[in-house]
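Below is one structure, written out as structure tokens, with a few remarks after it.
Naming follows writing order (A, B, C and D), and every chain is counted from residue 1.
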């Protein structure tokens, strides 16, 4: 019988494991948030975030969950009665829609089957059809954490441009930032929403809005009431490295360290590492004879892989058994797919052996829970990861 | 010449120093926020908070600064066009008023000179005069962090009752909770607002609303739009130890530890310690020949002491010199009293010798900055603290 | 190409990974080593150690490496010119012999091929042959860290008894304590030597001697000079929870926490966990078509597994490639087997998924280094670990 | 009544408070002590230590208490029957003498009254008188931690030279290194003994020998048996950044950080800070009407101040009361002066306000324990510390 001794394998799609360097950076005495020393910290992280969002425009940092940054994007740019276009990519797109609705925003919600990203062609068609230009914003989730599908943001940008539509473009990168290639400026996104507890490898508690000039202009004329989330005062005071209200200083210590780690590894290396680990995970799923929820290979997430359970097997029972026997946390199915899928996170502080340990747990858990599958998933994942420096597979030498 | 070596003396009125136990509790791997282990954490802290607020009613915890909890109190209970009664106790009362105004709430702002707490008699008079019962809420800052004046909440409760007025009673305890005696239920407060970075000895990043049944009822009929701050879903999901969106798990680890520390010391002991340290600080100020900003002895804060600078001496220049020479952070004057006062925090993780070290820095700083004063402040503080177990002063033995 | 991002897999046979709880326990302010608070710490750890050594006799704790505790055992009981009996189980037995030699002790060193533990029958034969009773001590390494062979201490005890020989019995448990079943009192060991950085899950820096009455008596008549290692003053002062010289306080904080963790898991569970992980590791080695260095199944170590490289393949080159590609540290071959074996540690803070991650690295490393092997080792290890609660193997369900 | 809440004031003369940076540096996963990464660590700390000892010759680092480094100096250079010259400066000189005696070394112990350092003239006279050159070593404690007297090492060097005597010169700097100016090479010291838990601001657990060529040569011919403390193998293996047995890796992480901190502040600044804090402490003692144990102003320690209790007052009772009431640890009297003195540590991680907080505790403790004294000690210490940048005292401005 397995025990709960030793390191827990946290393989939910966020919060992701926090590196020791980041934890230790936060584990330091707090300083005066109105001091010159704080201003240096503030400027460093505010500037450092821009590199991660790939923007030269303002990024604001809220002491809040990512949910707060969703709300901030809405209340700073829209008015009650406005219409926006969203795509039903999964549970989190649905939640963002609900928030918009709470603020009186009408959402044209393109239906989806939760097995792919938002479709650029459909978005283009809706925008073209909107002769009155009544759609104020297109709002898309980059990486749908509930399904493991990634929307093609650059193509959606092109669709908006092709339609010649003036709508704002707002993208949720809560679970993609610093894990999947993303370019706020190049893709002319107006508001990029994000959070701390995924690719940034921090605890939850910080959220972000990267803001284009067009979005900033909209924030001066929209009419939703706001205070905590208001961009104007935030951006003004950020210029000196300070915040309009008490910032979450210790989380900012962690952010400074995490940004340094990302820079040391190199963002492109970070992205390719996520791609590599995701490909290995999918190889394992295939070997097990199970199915990846996301049907479009071009949209399968580098961040997490949602795996479909065979019919009449409950994913939550499986996850419970696997946790108890093998000390690993896997993500549950959410909303429509509750009980039908489990999710394997492979984001942030993750490398080959951490992933293979996790996939071993998934595979042994399948056996323990009596879920029909073929063994060999871990072996397939290893084969996928065993690539020589010349890019070729290592031939597995046979013992005579 | 002094150096910046050694431990920094953080004596701003919050964020207060974070105990090592709390820092280390937060410095642990993050767990799945949907796990049974998390539910145990959630229930422990949600329940533990009630003891600190002295309530048996719900306390909700936001991942946000205290400013967010101010906003939460407003958007959950009021509607645009509503009128509320507030008292100008200082800078933070003024900020709370501004937030109310941003949400279309009319504020009847009882003017104040920033040298005392809110006046119960004036509040009673306003409520009595409000024949139409148009005032929806009385909103008071318990401990005004900008001035070091504490409002008499129990008496204000009596004033509201005496007026027979149905207004909600909302109190900001951001800088008083767990430092000054406070009783949400006994004083029939409807919404108590608080934050993590003061008496709770945590980093900033958590805020609180304690909610009466009456306030909860109001939240079902008021019309301000809200999502992040909404009580209904929060309270519903909290029942199982969970949160409607990703909680700031590591801060909750810290909260669990801080609540344990408060319980170990005993809340009443915590309060009397703050009283004792505050009295010693005032003794020092008096000995220096300087003046405490708060004029009413019954309202002088156990949390911080704001000290008035002699005319023509700039408090911020003084603070800068003291920081550079003696490695101590003091609080700046805010708003109306900027440059005119400096503030000494003596809250949270603070004891006699920490305070006396800090007061030594204040006194040496006065000399270094050429601020006219008498020496002997530290000595007076020591005398105030030297109390024998029988409650009598220790006679200072003379050397023959 | 793999990166060094993410958690390092430390799978040398010690120092073993330090649990977060232990690291954080040490990360606290130091206290006065002559205070009542320290005495409580001292008594707790001195008493707690006894449970781990399974003794009611004194255990002394040195601020030193395990090497120091080897020396302590010698200088407290032997005199220059004495003869002792040792068995060549591997590199560490050889080192202990060298230390004895440095103090003028003659070592009768039973030769060995480094592929098994010390042989009880041979020891008995030597003792029987020692008619003059000139052998003062039998000194054996319980778990030979260089080879992964465990000597059968209970049987060696019986051998000594069968020979009716009065020699002291001294056992090195540096790498076995708290990982392998061991009983100082029941097996009538006179001096048990140990260290902190293996089964006790601490950093290196503490070492131990558990001391029988017979050994203590010997320490009163032997003639090797000593001070730092002297038992007499240590045991006398330990009675009050103190130490004769400044103790390594922060390591003692860690020891207190580690002892608590061992007690929580239960020593017997700790031992069976090590057995289970070791069996899985050997299953992997077998599947790879490689050979375990230890030839006697009854003596194969629960702590580490030394794996023989195929002829003409250099183990150190293999370890270097595996470290660079997969961020895992494996133990090198030492002494006679340098370059010929690598060692996989599976001790202390280790569980199923940590081990499977590590074995994945070993297997991929074999491929990367071009070492002839069959794949499937990880799969075999998984099969070995997949045991149902009823003790039967889980049948791997076939997908239709 | 005072409580034990808040930060403890540790003002014993070592172990000294450990800076957060050092604690956090040690709070990291352990690495393979045979890896290239470890070699970089090893080389950094071995080289960094040389700067602190002001030597270009080898410094060896033991995993042990300072007591071990005392023993190491003896067993590496002397033989049983050798004679050495020592000076009775206090308790620790007496202990070092006992260790020498345990190894059969004859100690010519120059008697002392514990109120001053070792006298260069007396040493010179003894050496001159030793026509047979039978004295093998002069062994002196630089800073006698039990009395607060510092011996004048440079003058003793001159005394040895004046006598033209070939004795080795061995100096204990356990409590002076990195606090008091010290120059291993310039003063031609042959063995400098030190420890980690004082000026180096680390936990106890590391000790040091800095070794001259002459001492190294002696170690090749002396006859005391040794293994753990042996210099030869240590120095040989250190050349590659490694150690002959498992090093205390996490303490070495801390050493790396502490060396960086000392370099950042600058050793000369560190020394003058200690001088300044010691002078302020003595000013307080004088103001209290009490007496400093060390009578020679030129030898009063920058590290600690031993204070004599008035007759018929027990220092340990005083320390106990002060600890209970004010949460401060003071050093006890040791050996001959037990109960007669208490010691105030002001070393390592210490600055003005930390010291003034501590002196406040000492002064209030004197009152609480009914020890006859004048108040005003803290005030006198403040006056001693209040120095303007031009070097002049700040005139205390009178309030009109």
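We take it that a contact is a pair of C-beta atoms (placed from the backbone, for glycine too) under 8 Å apart; a residue touches a chain by one contact, two chains touch by 3 or more.
Note that the structure is predicted; figures quoted are calculated from it, not measured.
> In terms of C-beta pairs in contact, which of A-C and B-C ranks higher?
Taking the two pairs in turn, the one with more contacts turns out to be A-C.
> From chain A, which chain is the farthest off, judged by mean CA positions?
D
> Hey, how far is the Cα centre of chain B from the one of chain C, in Å?
54
> Where the centres are mean C-alpha positions, what is the separation of chain A from chain C, in Å?
Distance between chain centres, rounded to whole Å: 44 Å.
> Could you list the positions in chain A whose residues touch two or more of the other chains?
In chain A, residues 7, 17, 24, 27-29 touch at least two other chains, as defined above.
> Using the touch definition from the top, list the residues of chain C that touch chain B in their complex.
Checking each residue of chain C against chain B gives 20, 24, 27-29.
> Enumerate the contact residues on chain B facing chain A in the complex.
7-8, 10, 12, 14-15, 17-18, 23-24, 26-35, 62-68, 71, 80, 98-99, 102-104, 195, 197, 203-205, 224-228, 230, 245-251, 323, 329, 332
> For the complex, which residues does chain A have touching chain C?
Its residues touching chain C are 1-3, 5-7, 9, 17, 27, 265, 269-270, 273, 288-289, 326-328, 349-354, 356-358, 360-361, 363-364, 367-368, 370-376, 378-379, 382, 385-389, 394, 396-400.
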